[in-house]
Every structure is written in structure tokens, then in C-alpha cells.
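A, B, C, D, E and F are the chain letters, set down in written order, and residue numbers restart from 1 in every chain.
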Amino acid sequence: MHLVKKIEIIANSFELAKILDCLQKSGVHGHAVIRNVAGSGLREGSEDLDMTMLDNVYIIAFCMPEQIKTVAENVRPLLNKFGGTCYISDVMEIRSVKCVASL
Amino acid sequence: MHLVKKIEIIANSFELAKILDCLQKSGVHGHAVIRNVAGSGLREGSEDLDMTMLDNVYIIAFCMPEQIKTVAENVRPLLNKFGGTCYISDVMEIRSVKCVASL
Amino acid sequence: MHLVKKIEIIANSFELAKILDCLQKSGVHGHAVIRNVAGSGLREGSEDLDMTMLDNVYIIAFCMPEQIKTVAENVRPLLNKFGGTCYISDVMEIRSVKCVASL
Amino acid sequence: MNANLIVSNILNPPILFFFLGMLAVLVKSDLEIPPPIPKLFSLYLLLAIGFKGGVELTKSGINQQVVLTILAAIIMACAVPLYTFFILRLKLDTYDSAAIAATYGSISAVTFITASAFLTELGMPFDGFMVAALALMESPAIIVGLILVNFFARDEKREFVWSEVLRDAFLNSSVFLLVGSLIIGMLTGEHGWEVLSPFTQQMFYGVLTFFLLDMGLVAARRIKDLQKTGVFLISFAILIPILNAGIGLLIARAIDMSQGNALLFAVLCASASYIAVPAAMRLTVPEANPSLYVSTALAVTFPFNIIVGIPLYLYCINLFWS
Amino acid sequence: MNANLIVSNILNPPILFFFLGMLAVLVKSDLEIPPPIPKLFSLYLLLAIGFKGGVELTKSGINQQVVLTILAAIIMACAVPLYTFFILRLKLDTYDSAAIAATYGSISAVTFITASAFLTELGMPFDGFMVAALALMESPAIIVGLILVNFFARDEKREFVWSEVLRDAFLNSSVFLLVGSLIIGMLTGEHGWEVLSPFTQQMFYGVLTFFLLDMGLVAARRIKDLQKTGVFLISFAILIPILNAGIGLLIARAIDMSQGNALLFAVLCASASYIAVPAAMRLTVPEANPSLYVSTALAVTFPFNIIVGIPLYLYCINLFWS
Amino acid sequence: MNANLIVSNILNPPILFFFLGMLAVLVKSDLEIPPPIPKLFSLYLLLAIGFKGGVELTKSGINQQVVLTILAAIIMACAVPLYTFFILRLKLDTYDSAAIAATYGSISAVTFITASAFLTELGMPFDGFMVAALALMESPAIIVGLILVNFFARDEKREFVWSEVLRDAFLNSSVFLLVGSLIIGMLTGEHGWEVLSPFTQQMFYGVLTFFLLDMGLVAARRIKDLQKTGVFLISFAILIPILNAGIGLLIARAIDMSQGNALLFAVLCASASYIAVPAAMRLTVPEANPSLYVSTALAVTFPFNIIVGIPLYLYCINLFWS
């Protein structure tokens, strides 16, 4: 087992393409996306599951610790512009043939 | 980046309103809710996705470290009464215009 | 509050039964499953939400720290064979009547 | 003749698809109706049956028969949880007894709908106001159940937030949609029927079939819970419906219901709620064990009613009414 | 006669179910149409209305009336956001004004569909090419809105990725499916109609009913947002549709549309987008406050149009055209 | 005449909506049929086609023609994966070859359904027992594929949990629902047909249309995978269906099938599974690369069959049978 970083982003679904793009550009190629996330945030009128088109997505991506700085730099402008939140934490990856650390 | 706390609650969907209420009262205003979560817990008969009305929800809320004590105190009676589990961990928030730490 | 471990597994839904089996055998009885997770991983052709049958699942299980070794040993062969990723992190559990630590 | 009715009931597509669903679980097929499709189907069925009832209620108007039927419905909805509670107390604690009693005091809309489809096929008429009876019998049992807990639970005086309880009982989505559709049916009458019936009528039987396929899956998944339930509860889940249907038939005969209405009334008395009441009980009586009241209602009483109960009650009606 | 039309509009199942949905939120019932069912219904409605329009367009062919109507549609779609922008600037900043103007310049397909169902019931004919007008009026307002932002926003010169903007405007799922179904309807004509109409026709009214039930839920949940919106925007959300419909009717009279077509054209001018445009605005004008443009369009203008607007515009048509 | 058939096939709403779906992906529209709606539609189609087949099977009874057809079906289902395996081994390793061979040995129910809708439109009759052939041809290829792996994979002797494999093959949801509906159709016969056909018949064509819209989206998203697939596999995915259909037609002629049945049989032989078999292969032969067998079946063979294949095979039948 070895240390990797977990990135969690909650944002409105209309941002999804932009965020995945930005992860890709930061060199983070694996991700998982959970759709239809309801929620209420710090901006007004964001409890949006009622309009199917405006629900939130929850994006999870695991990456190597050294990639975090790039991700943070690339994601911050998006968050400032369109809203959404991004959190980073430490997790241990179980080493397998194809894992984040195997790249 | 700065430290915030992540609260994760898994509980039956009938408790959702009560739990969100309780977060609100503890001063935690942002949250995200994922519905249709299947699972099996420590009580009997809880693998409940089969009845659409009795599925679980997965609630995520990020808050400031000093709010955790209040949350724990308020949530515990709910868990004892209705079931469900609550976990707390450390995450780093990417600072943006509107983030937990910006309040 | 006391320390427990959080296991997160993202894998293709056809593996779900095998993974839950494997958790069960490792003594981890509680779990939550989120279905319909889209994503792209490190193998080719894994962006699979388009075929409903081949979407991913996100499995969360909380357990005692001493169970982790067994879980890792049992899960690794599955990951190597069928793909998927498994991560482990530290979380604090809010003690309640029925919680991981109460067993 | 009884066997005959049972066979002609069983050889209906909805019932056969119910069996198919159960079989799928038994042979471990991966067949499933993905959520939230079953939810959509149940909304559709409630809307369709409520709307039809409303339209017919406009045609028939409100007469003595309607009032008597509705009175009988309310009385049974209050009486059933009372006497089943004391039967259950013989073996179970107060909480479980009250929760199960409430479950059996309330009704299952799908059982009612299956019975009405059966009547339609046999060409036996029934009245639109039976849908009003259906709506009225869903909620009272919840209130009665909570009153029982309040009265008999020794340990602590319970304080229910009655406004929430009443809302759960009378404004939960099934009661609300059913009553709403009934009223809209009454308001739009013949005209509304013309425009909406291609949707609410022609697809009705097919949606019911699909929904029972899902109910078969759900019921069969619950069967393994029955091991923990014990013989007492399983016999309860078969005998009490028969008893309730019997009492219902006596009342129906006394107030001179038509044969079709009598069958529906018997089915209402005999059926048990597996959605609305369990949801309410989990919130208000968390001490009770959900697998007891959900599993008996779903895995025993529901299949029993739609397979054996409906034709059995109809057989009795054939005997009594002629 | 006006009141008469309103009553006969209100006593339609779709409108009544819209009210039922609003009521459900007000009394805090847990009724909901689970996602993604409303999405499916809206796809169905777009497909059905587009296909029907296409089939009828083949029958009628493209004549002068078609060309005039489509020109009028495009002109209104560009003019409405322009003049509403300046009205809005009286009270709001550039971003909010442009976003709201774009919202009101575009259209609501469901309002159009409700109006066409109303016409069908009254037995008033309308033409298939109105669906083409519907499709053409959805997108231009987005472009106009962004041009307004580009021109009037002082702080920084905005750079839109125009390829993305144009895709959002002209290839978003509703426009794409509507236009696609229209073309398929034209290609398959009478023959396609025969095979597909049991699906697209018979269920149409029922699906619309179900969808409006959901719209009622959605609209009512937005009502609480209106407190923050203020009196100016609420009156805007009622008066501007009337103004737009009025202008639309004048144009319709000028180019001699039939009564049915005129109603649909007025409804297109009067309605506001609550899906496609808001989604585009969030991406391109994130400075604007979504709760302003979504809530007014959804919680005020939409209910106003389907309840009061449609019969009101029809009343005016009855006056003007005879 | 061939071109004529192709055109009349292409000008069908379902095929045109398939193209519309592909186009949506190409122009990057955000059109999507949200999950789990496509799943619901596929369940519906299986139920409807199975039920109809069962009802007709009761009418026709089981005669020599039925037995011969079913034998032919089973033989083809076992033979196709065998000879395609050796063709594939020319270029690919054992695992990929076995997985692709299994895919092409099995069938695609939607292709079958599209063909049957095409026949219905042309007014050409076909028999209910062809649905039984459909059901029987889905599973054997999985077993044959695994036997091939077991036999030819050098590195290690594989141990399959055969009980699981057989369950995946014979009790997966599509086979199970299809066979179940077939049997229910046989049991309820004419009577069941009367009550269920408004649902299973009238909506059939519309649901198929919607489903093919989704299939267009899905197939187009897979097209980019074809770059990695290479020329060999792409030609395989077009030529092998033609070969299989040709062999199927020879057999059909030999046992004197009717023209309608012959087309369906050819389509069964020519089509490849993109759901059941890929799912089974991922579990049992994880060494094989899913993007190879899913993409060829879905992005090449499926579109080829429904656009060109069906009319082509029918053209050959017109030649041979007269």
C-alpha cells in the first residue's frame, strides 16, 4: 500500500465537461462520476435537483500526491467562476496491476 | 488550502429530513445527498433497496473543525433511535471565493 | 469517537457480487453501494455508462483497523483479474448503539 | 367452482408475471426492474384508478349506498388494528404488535387494483366510490397504531409530533395522488375521461402486469426474512386476512353491497400495507422490527391475497349473495 | 366568454394535475415524480409533437404562409430579448438583465404543447409548421443575450467560445430532438404516421398530464425563491408575457394567420424558457443569478401562461379575428 | 429492387431515429436517454415479443416445422462460434478470439425485433415459434466460447465455476424474461392476448423507435473505439454476418421455412450479442479486451444489420424462394 491523494469535487452538472477536461489537463486520467446529487451550497438557489438539468455531480479522482498542486491551480478558477467545491485528502491505495501508482 | 472536516452519514431515506435539519441546526449549511444507495448494515433487514421507499441516502457535508463537536452531539441521538452511521475525517479545501472557510 | 478505516472500491458492476462476498469473508459486514457510476479508468474502453449493464459501482465499507490486512489480501486478486481500484483511509466514527466499534 | 376461480385467476397475465418474478429470484436470475421504474408504475396505477373512480362517482352521484360503504370502510380501518393488536400481544411486545396491527389495518392498493382487474375480466360491475373507500382506509390504522403504542408502552410516555404523524398518514404520496386524481376525475367527468382514458385505460392492464412482475421479485427477496419471523407470524399473515375478509363480507352483506363492491371491500379488509404504513412506523415506532411487518405483509399476505384470497372471497360471495 | 374559456381550460386534466402538483408542495406531501422520469416524458413530448408537425408539413407543403410565419417567429425571437433587456436594465445589472431577457426571448415547449392540446379539444385546427416556428424560436435569444452582455458589460471584454455557444443554442437536446423528429416526420409522412401514431398520439395527453403534475411540483418549490426576487420581477413576469403575446397577435393578424396558429404564435412569444436558456446562461453568464431567471420563468410565467394566458390570448383572437 | 428495399427500410421511423441518435453524438448534442429508461424499454420489448410469440405458438401448435427450426437454431448457435473462432485466431490471441466468437454466435434481440417490425410493415407473415428460436440461440455460444478457452488456452488450465456460467448463460435477465413471457403467452393464449395486447402491441413500434434512438447514441459513442480495433476486425464485423446469414438461408431453404421465418432466422445467425455475452465474457474471460467485442458488435454489426443486412437478406430470399 502506498499513499495517493483523493480529489472530491461537487459541482453543478453543467460544469462536468469543463472539470473533467481540467483534470485531464492536470494529468489525472482516472475519475468516477456520480450524477443526480442533490444538495444545498453556499450560493442561493442551488437546491436544484428539481430541475433534472441542473442537478449536481460528485466527482472522485485519485492521483499521485505530486499532481495535486497542478489540479488545485487549474480547478480554482472554475470554482470561482461557476461555483462548486473541491476537497483533497490522503488515502492508501491497494497496489494492483493497474493502479494509480503503477503508472 | 486549509483544513476542514468531512462528515459522512449513511442512513435510511426516511431519516433524511431529520438529519438535514440537525446539520442545519449545528450550523452546517452546505451538504450533498446521494440517493438510491443500497447496502447492508448492522441491523437486521436493512438491505432495502428492493422497496424504493426504504432505500438509503449518503449525505456528505464539509464544515469547519470547530463545528464537529456540535454535529456529533446532535446526530448521535438520531443514529441511536433510527439507525445509520456517521463518520468524520480530515480533508483540505481548495480555497475559492465561496468555500466553507470563506464564511 | 474512535478510529475506524474506510474502504472505497470502484469497480465494474459485474464484479459487485464477488467483491461483497470478499468483504463478507474478510469479516466486514456493513457496506453501502452506489450504482450507475460513470467514469474512466486506466484500462481501455472503460467509460461504460453507455451500456447500462456495464456501469461502475462505488462501494463504501467502514471497518476496524485490524481487518484491513485481510481485506487487502482478499481484494487484490479480484482487482488484478477484473480491474477496479481500492483505497483505504482513516475516519473517526461517531459512537452509537450499533456502530462498527460496538461489535 | 372455487378451484375453477383460482385457476382462472392464476391464468391471468398479471398473476403469472408475479410468479415469474418470484421464480427469477429463486433461480437467481439477474432480472430486475430498475428503480425508479416501479415507483413510476405505482404512481400511474394510483392516478388511473383514482381518476376512473372519480369519473364514475360523478355519474352515480352520492347516495345512501355510498355513505354506508364509506362508513363501513372507516369502521373496519379502525377496528382491524385494534383487535389484531391484542392477538399479536399474545406473542410479541407492544411495539411490534402495534406496528404489525397498523400494517394490517391499512390496505394495499395493488391488491385492490388486481381485484378490480379480475372483476373487469369476469364482467362483474363495481362502483367508482370503492376507490374513495380505498383512499379512506389507508390512513386511520397509522393513527390507531400510535394511540396503541402511547397507551400500552410502559417504559416512557411517548410524545409524537402529531402534525408530522397526521401528514404522514393523510398526505403521503399514495393517499394524496389517489384522492387528488379522484377529485380531478369528478371535476372533469365524462369530458376528461374521453381525453385521458386512452392513457389511463389502455395501458392499465399492461402496467399492472409489469408492476406485479416487480412485486414478485420484491416479495421473493423477502422470503428469506420469514425464517426469523416464526410460525406464529406466518399463520397470522394468512389467517387474519381471511378473518378480516370474512368480517368485511358480513358487513357488506348487511348493508347490501353489490357483489363486485363486496369483493373489493373484502380485499381492502384483508390486505396489508407494505409501503405507507411501514414508512410511517419506522419514523414513529423505531423500536419495532421492520423485517417483521414488512416481510409478513409483502412475502405472505400480498401473494396469498392475489393468488388465493381474491378467488376465495369471490367464491364466498357467490355462495352468500345467491 | 373570457371567464368561460378560463374555466373550460382549468377543468382540463393536465391543468388540474398541475394544480395538484403545486398543492402537494404546499401541504408538504412527499409526492414526487422520481428523476429521470420527467426527462423521459419531456423527450417523449418533443418527439411526438415534432413528428406530428413533420407529417403535417409534408401534407401541406411549404407555401407563403409558412415562410411568413417562420420569418415572424425569427423576428420575434430576436426582438423580444432586445426590448426586454432595456426594460430590465431599469432595475437590474447587465448580467441579470441579459440572462432574463434571453430567457423570455426563448420559448417553453410545454406551454406550446399545452396550448395545442387545448386547441385540439376545442376543435380548432392549427398547422404543422407551427412546430418549426417552435424549434426556430428556442435558440436565437441565447445569442442575442450574449451579444448584449458583450456590448454592455463594462468591466472586462468577454470572450465567448462561440463554437460552444452555438452548439448549446442550436444543438441542445430539446432543439435537436424536436428538429430531428420534425424531419423524420417529413421523410416518413403518412406511412410513418400510421405505424407510430398509436404511440405518439394516444399516450400524448396522458403523458402531458403526468408531466404537468411534475411541473406543478417544480414550480411550487420555486415559489419561495420569489421573495428574494422582488415585486419588479414578479410584475415583469406577468406583464411582459401579455405584452409579447399582444405584439405576437398583431403580427399574426398582419400576416393573416389562422386563429389556431395565432394562438400558438402568441403563446410562443409569451412563454419563457426554463431549461435550455438557463443551462446556457449558467455556463456563459455565470455572473447572473440563476434563481432570478429560473424562478420567474418557472414559478410565475409558466403557471400564468397555462392557466390564464392561453384562454386570455384565445379570447383576444376571438375578438380580433371576427 | 434491392435498393428499393433498402430505401423502404431506411425510411422507417425506427431506423431514422437510429440515425438521429448517431448524428446527435457526431454533432456533440447533449441528447441522451437517461438510464435506466433504455433498460425499461428493452424489458418491455422482450416481454412483448415473447408474449406474442407464446400466444401464436398456442394457436399453431408444435409441428414438424417447429422442431426442425429449433434444431437448426441450436446447430447454428453452436457452429458459428466454432468456425469464427478459427477465423479470428488468424490474427488474434485465444482469449480475444473466443470472446468475439461467442459474441457473434449469440444473437441481438433488437435486431430480431427490428426485422419483425419490418416484416409486419411489408405484410409478410412469420411464426410465433421464431421467438423460441431467438431464446434458444442466445446462450449456447457462451458455453462454446468457454470450452474453446479451456481447450486452447495454453498457459494455465482454467477452472470455471460451471454453475455460475450456466446461470449467466441460461438465466440472464433477457433469456429469462423472453422465455418466461413466451410461456405465459402460451398459458394465457387468446384470452391473455385480448387483455394485454393494448399494451404490448400498440406501444411496441413507438418503444422500438425510442430504443433505437438510444442504440444510435450508444453505437456512435463506440465508433471512436474502432480505431484501435483495426481493419481485420471491422471487415470481420461486416463479412461474417453476411456469411452467417447466407448459411442460415441455405439451411432455411433446405428445411423449407416460410419467407418471413427465413428472414428472421438469417437475422438471428447474422446478429451479434452486445449485452448478455459481453457481460458473461468479462466475468469468465477477463483476459479478453472488452472494447474489441463490444465495439464490433455494437458499432459495426448492429448498424450494418438493421440498415443494410435486413433488406439484403430479404432480397436474397425473394430470389431463392421464387
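Assume a residue touches a chain if its C-beta (ideal position, glycine included) is under 8 Å from a C-beta of that chain, and two chains touch if they have at least 3 such contacts.
Since the model is a prediction, treat every value here as computed from it, not as a measurement.
The chains touching chain C as well as chain E are A, F. Between chain C and chain D, the least number of touch steps comes to 2.
Annotation: the chain D:chain F pair of sequence copies touches via predominantly different residues, less than half of the used numbers being shared.
Overlaying the C-alpha trace of chain B on that of chain C calls for a turn of 120°, given as a multiple of 5.
Chain A and chain B, compared by their mean Cα positions, are separated by 19 Å.
Distance between chain D and chain E, defined via averaged C-alpha coordinates, is recorded as 41 Å. Chain geometry summary: the mean Cα position of chain A and that of chain E are 35 Å apart. Shared contact sites, meaning residues of chain B that touch two or more other chains, fall at 34, 36, 52, 83, 89. Counting partners per residue, chain F has 34-36, 39, 202-203 as the residues that reach two or more other chains. Touching pairs of chains, sorted by label, consist of A-B, A-C, A-E, B-C, B-D, C-F, D-E, D-F, E-F.
Of all residues in chain A, those touching chain E in their complex are 12, 14-15, 36, 44-45, 49-55, 81-83. The touching residues of chain C, when paired with chain A in their complex, are 8, 10, 34, 36-43, 56, 58, 72, 75-76, 79-80, 83, 85-89.
Residues of chain E that touch chain D in their complex: 11-13, 16-17, 20, 23-24, 27-35, 37, 121, 202-203, 205-207, 209-210. By the touch criterion given at the top, residues 35-36, 39-40, 43-44, 47, 51, 167, 171-173, 176-177, 180-181, 184, 187-188, 191-192, 195-196, 198-200, 202-203 of chain D touch chain E in their complex.
The residues of chain A lying in touch with chain C in their complex are 1, 4, 6, 29-35, 60, 62, 89-100, 102-103.
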